[in-house]
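Below are two complexes that have chain A in common, paired first with chain B and then with chain C.
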Partner chain A sequence: MADSTGPLDRLFGAVDRVRGALTVSPRTVRNLKSEYRTSALSKVGVALILVVVFMAVFAPFIAPQNPTTQNLDNGRLPPLGFTQTEQQTQTQMVNGSIQTVNTTETVNATLAHPLGTNSLGQDMLARVIYGARTSLLVGLLGTSLAALLGVSVGLTAGYYRGRVDDTLMRFADVSLAFPSLVLAIALIGVWGRASVSVPDPFVVAGVVDPVRSALGLPTPMPDTFVLPGTVIVVVGLVNWVWFARVARGEALSIREEEFVKAARALGADDARVVLRHVLPNATTPILVLATIQVASIILLESSLSFLGFSGTTLSWGFDIAQGRAYLASAWWIATVPGLAIVLTVVGINLVGDWLRDALDPGIEGEGGM
Partner chain B sequence: MAYGRFLLKRGLQGVLVVWGVVTVVFGLRFITPGNPVNAVAPLDASPELRQRIAEELGLNRPVYVQYADYIWELLHGDMGYSYISSIDASTIVLSKLPATLELAVASTVVAIVLSIPLGVVSATRRHEPADYAATSFSLVGISTPNFWLGIMLVLLLSVELNLFPTSGRAFGFYRSFELLFAEGVGAFWAAITGWLWHIALPAVTLGTYFTALVTRLTRSGMLDELGKQYVRATRAKGLPETLVRYRHALKNTLIPVVTVLGLQMGTLIGGAVITEAVFSWPGLGTTLINAINARDWPIIQGTLIVIGVGFVLVNVLVDALYAYLDPQVVE
Partner chain C sequence: MSRDPTDAEPAGAPAGSPDDVLRVRNLTTRFFTEEGQVNAVEGVDFDVRDGEVFGIVGESGSGKSVTALSVIDLVESPGRITDGEVWYREPDLAAEFEDDVPAAVDGEFVDVRRLPEGVRRSLRGPSFSMIFQDPMSSLNPSVTVGEQIAEAVEVQRRASANPRRTRSRTQGYGLGRLLVDTLVPGRGYTSEASEARAVELLEQVGIPDPAERADEYPHQFSGGMLQRAMVAQALAGEPDVLIADEPTTALDVTIQAQILNLLRDLQAEQDTSVVMITHDLGVIARMCQRVGVMYAGQVVERGTLADVFDDPVHPYTEGLLGSIPDMDEPASRLEPIEGNVPSLLDSEMGERCYFADRCPKAMEDCLRPIPMYDAEGSDEHETRCVLAVEEYDEAAALPDGYFESEPDSASESGSADDPAAGEEVSTGD
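Up next, the complex of A and B:
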């Protein structure tokens, strides 16, 4: 052949192939729309996710305070609508003898801290808003990693079958024998809690302070965001197996279809057949699984932060762990971030149900806490 | 005969996976940065002392010798000695196993007792208030991190209402029975009620996710079954509706539910780890977390192996049961 393909052409070819793999058919879109119109719950789910995504993306603009600013004088302020009575015991000299005096002080909620403050006087609402970033980033990046690994393994196993399949699936069995949380703890235990500081693009661009000043909100906001790197890698590594199982099942059935046989008869190599013909027809169940996995990885991340196995202190799970010590005196410190987790995961699960009902990929909601 | 062959094949597969589990656990130490000698040696240890520690722990031998030794010792129930307390690791790990098993079984019981009636009611009264209540409960149940649920239960029932203890296990289930023979019924009764009182919150905490999950599975399974031809046939035959529902539809629904429960065993154990952390329940989870923080390798390895082997065992049993209930699987 006369045409020489340079590296750039090959790159474009690869991009094209990936794009081809990710196209959604018009029928799928129709199903999604009609299911969405008839189901109120899917609307609730989408709304919840939109709120969380909005909080995560625009955190520096909407947080009422800097989430890391400590103010010990304002510690343990209750949320709006609640008052807090604090008992203090003081020893005093009265007429030459030492007496203990109990004073009861009532602390009122303030508008500056609508959801109250934690023991260090940090604003709970700001921490909930910034915590959404940690949860979503770990959820999305961890799921992408798990999907990349699992889909590669699963498609390979299902396409080649035989000995390749047996070997890869025994690996999956071994991986499955360790609960995600247990394996994650063990891996973080051995690798440490590495994290990456990512500059906050809005703060670096200098648009945050003017906007906040104009709105009368306190400045400055944190200019970097701590991404718990080990956690992301680990949650990806411990959850790949669910993707492998689904991708393998799809590949096993799709490889028997006429169009795959035709492609092979026309001389397409294995890579082309898998990427161009098998993967595009397996996207629906993988997408539905990915949605559910984001939810379970968010739960896993919060568990790891709760146990102190995370690299960041700006996380819902971490805040719950902090609040545990103050259950008797300040219930909201542990309660508020937990509600944020529940609402987020409910939202994702509702969207997962919507996708599953609309697309009917025939998989169970695998994965877990 | 075919069933025997199936069992043998599944059993051998299980052994293979257990071998993989052991190998992964052995390999964990080699992807760990830092020398394991550091966990044992004092900070100012001389090179000679460090050398001696390494020899004592067998760390200076070639990897394949260490591996072969490791497997050989495991086959004899020897997991080495804790770096921290110098107690036999298998003794420590096995002594923690009953507490975790108690918790796992208790929460499974909670889950089964609540979820199957909920799922059935939900499916047979579709689009009625009972169905909405059950589906909302199960949606929130699968979306709630169990450690947070545990803390909220402690906040409401222990801190505010003072109904349950916040942590601890009191007498274990088995030790209560020891008391029965040693001290009589009175002591046994006190011990067993104390045990129930302590395990109530942890069991509900761990069981809620499974209650929610199985409710969802039972509901969708029942809806599927009730729509099938054979259900119409049994109804047309004049069987009472309760018989149709429970003898036929529910029985067929439960078969896949059992499989999913087996697969979710890992989630149950993972959940137990964090539930134990919330309630200071002295089981494998607390042991694992403490061992990781102390870099106590023999204990980490022992705990992981017991968890992994337990998972494989449960799944082989579930598959055996499944094949027994549904002979088509054997083919």
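Up next, the complex of A and C:
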């Protein structure tokens, strides 16, 4: 690693550094494996997350339809295995007299729309697949932002203690006192709903259409993906406090370790001690918290979309809001994205539990999140 | 373990010579806790000479470790060094600050405590370094052993590559650099030369296959090996003064002996001065030329090894020596010192000899602050005990239970009269 010659050496060097920074000791790996083997739930969690990640990454290839294509003739098609009977009351002129005729129309599911369509005739499966992108991106980016903010504040507070600690943590407590949804709505109200259009790399590269044509799927697919920028910032600002609290607690205990004293005795300054000696040893609980926070941020994003505060229309929460009006007549429009949220959040929480049990038995039973 | 002082390695400097590298005067460290002010270190004086091993011995809670941390300026809140001077002989440093901080400079000596914080930090590593008690927790578990030592080498390398004046600035390792180093592979803080030096140091402290072991993490090392790695790390900066705070306490006996031999060899080789802090008189006898005995935050007896071991004056020193087994004339029972170290709470510390309540020879004269007296033996033998200047007089002896019957006699300041305790007494009546 010392005389890095080829790019491969550099890559291994980088991997080694990350490994060192995350404190993945062989014991940790052993714990992860044994916990994974013995716990069926962790397997379920991993499987669920793999499915969601696969959907999000390869959405343009696997979506049966373009999720934004409207087809009003095909509105409210039921999912496969269900038939929809629609009663229509019509007033007709029959033989010179006005009659009310009740006609019952049976709508069958079609293979082209396996999970049915919404009121605009958009394919639900395609929307669920694309919605996974929004949820995961907001979840990951929001959590990263929250972690970056919270861990910085927490490490500073825990390392310096005293007045710095008091000031920062009182601020955190105040943030905690606001209900997160209300705070998020207030922030979006102030800043507006900015969204960023990100080009879909697969579509831009021109690999999507040939593959889809070969598979006999309709083209074209959306060439950009709308990232709800404000929402990401807002969920980050709402959820940083959890990271601050955990990082502070870790910093408070790690700073008392002898290797911190030793590092200072050898002339290390504060930044070096915190980043080199405190942070790497606090990664485990922060990682576990981050996993669980992804789930909670996905829920928050869905809530915001449901309430119409998101910047994108390709979101599970948005679809639930759309389906709410048709709950009695077309239950699947709200239920399908609802199930997607439930399964994703459950999957992430199961993985979080697995990580926690394997990495940090001490945290069990604490009301961490 | 022999107690013969001639067994100790001959020091570079003859006894009584003026070439001290460190002169600590009136060092006072207090902890401001919720229970009150704790006087952990109370006006400690000692000198450390070039190339010698100076021992500080005392019970747990006598202020040894806090003294060490105070010298190296690592006392943390709620503790604070409230008074004292740490004169360090370093002509370059003295020349540099002669004009800026004239009060801190006296000839070749510099009062480290009066230098700016950045300069004090830059002295840690190249000038003062420290070995800690518990090898298992003294190395960062998430960084390889080799890298941690290489970092210590690098600090020293960069410091000596730059002129003194810019030391504190250039040696600093800023946030930006750290982020870049972490994210960009192949751009570490440590150079290859430092990494090679780290392997050399590991070999020097007797770790087999040093090149491979350098790439391992601390949890792959045994306790003794970790302590060797700690020693290597502390020596990486080639410090003038190495403070070893109970370096062998957490190790088993055979490893203890190895580490002590290693320390002594390295110390003789590099001509480093060592401050050896321990509660183990065997370690002192084996390693040190001169000794200070600490009790309740004060140095109560000080002198050459022979003075303290063969000719102790202070009953506490006698008690310490009496509580180790003698293999030549085994006594049927060991003689422990009765009682415990005092709490060191300021409100409970009376104006008297702090050892008087446990002392078998306490007299009325002990009920006042005791200065350092010259004692018999070498010129350097001093003790904080009236027995150095007067004979024990049974007529003046304090009666048994003197301190129990007057529990409040110590807290004359009255600031912390515990109302709850008073109540308890009254209900007891």
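The definition used in the following text is that the second predicted complex is superposed on the first by the 337 of 369 C-alpha atoms of A that agree within 3 Å, B and C clash if a C-alpha of one lies under 4 Å from a C-alpha of the other, contacts with A are read in each partner's own complex, and residues count from 1 in each chain.
Quick note on the criterion: a residue touches a chain if its C-beta (ideal position, glycine included) is under 8 Å from a C-beta of that chain, and two chains touch if they have at least 3 such contacts.
Note that the coordinates shown come from a computational prediction; the quantities given were computed from them, not determined experimentally.
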| item | value |
| --- | --- |
| Touched partner set for A:258, first chain B, second chain C, both or neither | second |
| Which of chain B and chain C A:271 touches, first, second, both or neither | second |
| First, second, both or neither for A:73, with chain B first and chain C second | neither |
| Partner chain in contact with A:281 - chain B first, chain C second, else both or neither | second |
| Chain B versus chain C as contact partner of A:327, first or second or both or neither | first |
| Partner chain(s) touched by A:174 [first = chain B, second = chain C, both, neither] | first |
| Parts of chain B lying in touch with chain A, wherever the complex brings them together | 13, 16-17, 20-21, 24, 28-29, 31-33, 139-140, 142-148, 151-152, 154-155, 159, 209, 213, 216-217, 260, 263-264, 266-271, 273-274, 277, 288-289, 292-293, 295, 300, 304, 307-309, 311-312 |
| Residue numbers on chain A that touch chain B, as the complex places them | 170-171, 173-174, 176-182, 185-186, 189-192, 295, 299, 302-303, 306-307, 317, 320, 323-324, 327-328, 331, 334-335, 338, 341-342, 345-346, 349-350, 364-366, 368-369 |
| Residues of chain A defined as touching chain C within the complex | 1-4, 9-11, 13-14, 17, 20-23, 25, 27, 161-162, 257-259, 261-269, 271-272, 275-277, 280-281, 283 |
| Touching residues (chain side chain C, partner chain A) in the complex | 72, 74, 77, 121-126, 128-130, 132-134, 137-144, 151-152, 155, 159, 171-175, 178-179, 182, 185-186, 192, 195, 217, 219, 230, 233-234, 236-237 |
